[in-house]
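These notes concern the structure reproduced below.
Order as written gives the chain letters A, B, C and D; numbering starts at 1 within each chain.
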Amino acid sequence: MFDNPYGTGQTTLTAILALTNLLAAGREFCIVGYGWVGKGLARAADGLGGRVTIVEVDPVRALTAHMDGFRVAALADALPDADVVITATGLIEAVPVGALGLLKDGVVLANAGHHDREIDVPALAAAAGAPIEARRGVRTYVLDGRRLHVLVDGALVNIAGLDGNPIEIMDLSFSVQALSAHHLASGAALPGLNRFPDELDALIARTKLATLGIFLDDTTDAQRSFRASWAL
Amino acid sequence: MFDNPYGTGQTTLTAILALTNLLAAGREFCIVGYGWVGKGLARAADGLGGRVTIVEVDPVRALTAHMDGFRVAALADALPDADVVITATGLIEAVPVGALGLLKDGVVLANAGHHDREIDVPALAAAAGAPIEARRGVRTYVLDGRRLHVLVDGALVNIAGLDGNPIEIMDLSFSVQALSAHHLASGAALPGLNRFPDELDALIARTKLATLGIFLDDTTDAQRSFRASWAL
Amino acid sequence: MFDNPYGTGQTTLTAILALTNLLAAGREFCIVGYGWVGKGLARAADGLGGRVTIVEVDPVRALTAHMDGFRVAALADALPDADVVITATGLIEAVPVGALGLLKDGVVLANAGHHDREIDVPALAAAAGAPIEARRGVRTYVLDGRRLHVLVDGALVNIAGLDGNPIEIMDLSFSVQALSAHHLASGAALPGLNRFPDELDALIARTKLATLGIFLDDTTDAQRSFRASWAL
Amino acid sequence: MFDNPYGTGQTTLTAILALTNLLAAGREFCIVGYGWVGKGLARAADGLGGRVTIVEVDPVRALTAHMDGFRVAALADALPDADVVITATGLIEAVPVGALGLLKDGVVLANAGHHDREIDVPALAAAAGAPIEARRGVRTYVLDGRRLHVLVDGALVNIAGLDGNPIEIMDLSFSVQALSAHHLASGAALPGLNRFPDELDALIARTKLATLGIFLDDTTDAQRSFRASWAL
């Protein structure tokens, strides 16, 4: 909930901009997927002056993107306008071979999802022939006369192209993993899938806030009593 | 998930600005509570040029507010700077009588939460004496020489002070209620608390998107197969 | 420089939303004109979750709008997508009679410019016949089966539809007028058009900041010396 | 007007984040100077989830920053809270030696202004002793037990630390320079300081928009006639 929207959102944009030295302002970003990563990407691209179109298959997420002020479109409607396409679906073929013909000359293709198969780079390579290395981390394929710039071969662009997520956001993720291991070792977990305990989430967040010098109020007895009874 | 962050966020700010004719730009907003309503309030206040401080007792929500770019503080630290205080906790005494002495001259107090007891107006009236009606919907109490402007007596300011939420966001909430009733009537619900079925949420969102002229892609067979196996 | 972008931007949006009770989030705003008023409108519409298209005849302003993250288009390309059209050109016929056929069913037309002739309401009335009053301040014309909702007959919507600009932003404008009169009376002005003296602008801003409790540093002697010589 | 707010704003933030691998979200940025560069920095820092305090000596600029939603403070009030300090004044000693004692442990110091003397690095080096190179481009000085991280020795961080401004924003600046030279060579300029002709600014912007596929409307005869007469 923290490393994806805040860490990956920022570092993916920073990596794309550092690798290409392009301007975000006025640029049309197509973001495929509006989960935690996609939300972070959209916020960062918008925050730097870009315009954002979201492609999403889940209707609740798509409606959220619409209400968040982003254009929502099917992939075939979104790609022809895109200056930068970023995939964040966790699935394969988020930009499938069949969609490559819709991309415009000069488009940048980058991936923020779990593996290097969201953009179908092998299919692109098969169709377009050998790319040239335009800059470090930027391979340019020419397909039907259009130049398609693929960043770090479709691998996670913030990790393969820059330094990955800041330690100060990964500390939260690592804390979840460490406390999960402790929870398991203590015998508190049941066989099967266990939900990470809310009180451990709260402990991690409270500890993090304390390191930032932020200390919270407690609910009062009167508030707890009201919450239990809903009686005014 | 939609009427609170998008509807109540906008209409609460619009109501406060319409009732007071104050400028949001450069104003310091203290928002008590960072649930769906508080998030919507913060986004709207920020979007109109205000500065936002969040008061929250839950550490995960507080850390989210921090990462969203808002100042997070305890109530006693937040109130002295506030030009506008908005409560959105769902509890009582979000601005308790003991905190009234921290408010500055000219502060505006408004409530966006479920009932009219988040700001302790009766205690304020007892301490300050009879208010004057400064404008329609604005009662001004004088406490120790400081003027405290309470909007619509601490009732929900977007409903008591303006027209409440737009129909185009309430349609989603009413659809949930109608389909819940249908779900109950069809005998599909179990005794006790039932989770609203995800497929009905999806149906509502998909129908709403269609009225907006937005039609989504489906996941492909290859994607569904990958999601089932996680094998590349 | 202050009342237009900050005051009129906010109050025009607030007035439109209060008059119509529509949701800004996800709505497509077409703003005609990207001067100080148009910039303020765009920022407010964007800040409340709307999507913004700018129509502008001046290329430097149009390029600024593009870099600010807004879509820029000719009127004929912008109108068919618009849910809300706001004029802010200071000219006549910003929405001319010839463009009315491009508007979609349910569009809201509002004016933020100097007079009530930016939207050609008389021509619309001639073409569409008598309107109905849908809500206070909202007249609905039916043209070729499409409903066009005109706010306060095309007058300045923030003044005719709500309370105009907040006093705390007009104080700056009134100060300019008062100090201009004093400047004239003191005999310091030359016949013809005079530029408002920078030192009076600075005086007004400094006084305003002091009322907000904000006090600025001065440049140091070393900095002034550097600025005079550019010698390190 | 374009390379500073849009180019330098983005690339300075990107360079700082790439050099340090810090998270912008939730971080407190102190930006010294609110000219075109400072505005661009503030927008980018805010857009990535940072909180921004502006230090400015000019009251009109300071009031603009306040209305834009940023905290405005004197340097001595701003520095103790800052996680990142960025100078953009064009002067010397924007962070003078006398202010170094106000900085907190772990602060990052970066410069976006014209030369490497905005942060008084020589004075810092004299006071703190030899730095260590914490990362490429990051020198860490220890002053009274507090670590101060100076980026690229106080040189322009977007140029010395990354690739400078994107070509697609510098094209505008280079066009101004080329057309200025042509204007001079054509004998149209007078001895002394000449204002760059508005029609050349318009030509550059119109050409740039055309490369982006954006074509503008013209004012109509009726509008030009109205603008000449102001008669309705």
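FYI, contacts are C-beta pairs under 8 Å (C-beta built on N, C-alpha and C of every residue); 3 or more make two chains touch, one makes a residue touch a chain.
Given the structure is predicted, the values throughout are model-derived calculations rather than measurements.
Visitor: When contacts are scored as defined above, which chain pair ends up with more C-beta pairs, A-D or A-B?
Guide: A-B
Visitor: Could you find the chain whose CA centre sits the greatest distance from that of subunit A?
Guide: Farthest chain from subunit A, going by C-alpha centroids: C.
Visitor: So the centre of each chain is just the mean of its C-alpha atoms; given that, what is the distance between subunit B and subunit D in Å?
Guide: 36
Visitor: Measuring centre to centre with CA averages, how many angstrom lie between subunit A and subunit B?
Guide: So the centre of subunit A lies 27 Å away from the centre of subunit B.
Visitor: Check each residue of subunit C and list the ones that touch at least two other chains.
Guide: Residues 6, 25-26, 46, 49, 66-67, 212.
Visitor: Which bits of subunit C are touching subunit A when the two form their complex?
Guide: Touching subunit A from subunit C are residues 25-26, 46, 49-51, 66-71.
Visitor: Which residues, counting only subunit A, touch subunit B once they are in their complex?
Guide: Touch residues, subunit A against subunit B: 1-2, 5-6, 55-60, 62-64, 66-67, 72-75, 89, 91-93, 96, 115, 117, 201-202, 205-206, 208-209, 212, 214-220, 222-223, 226-227, 232.
Visitor: Contact residues on subunit C for subunit B in the complex?
Guide: 6-7, 10-11, 14, 17-18, 21-26, 43-44, 46-49, 162-164, 166-169, 212
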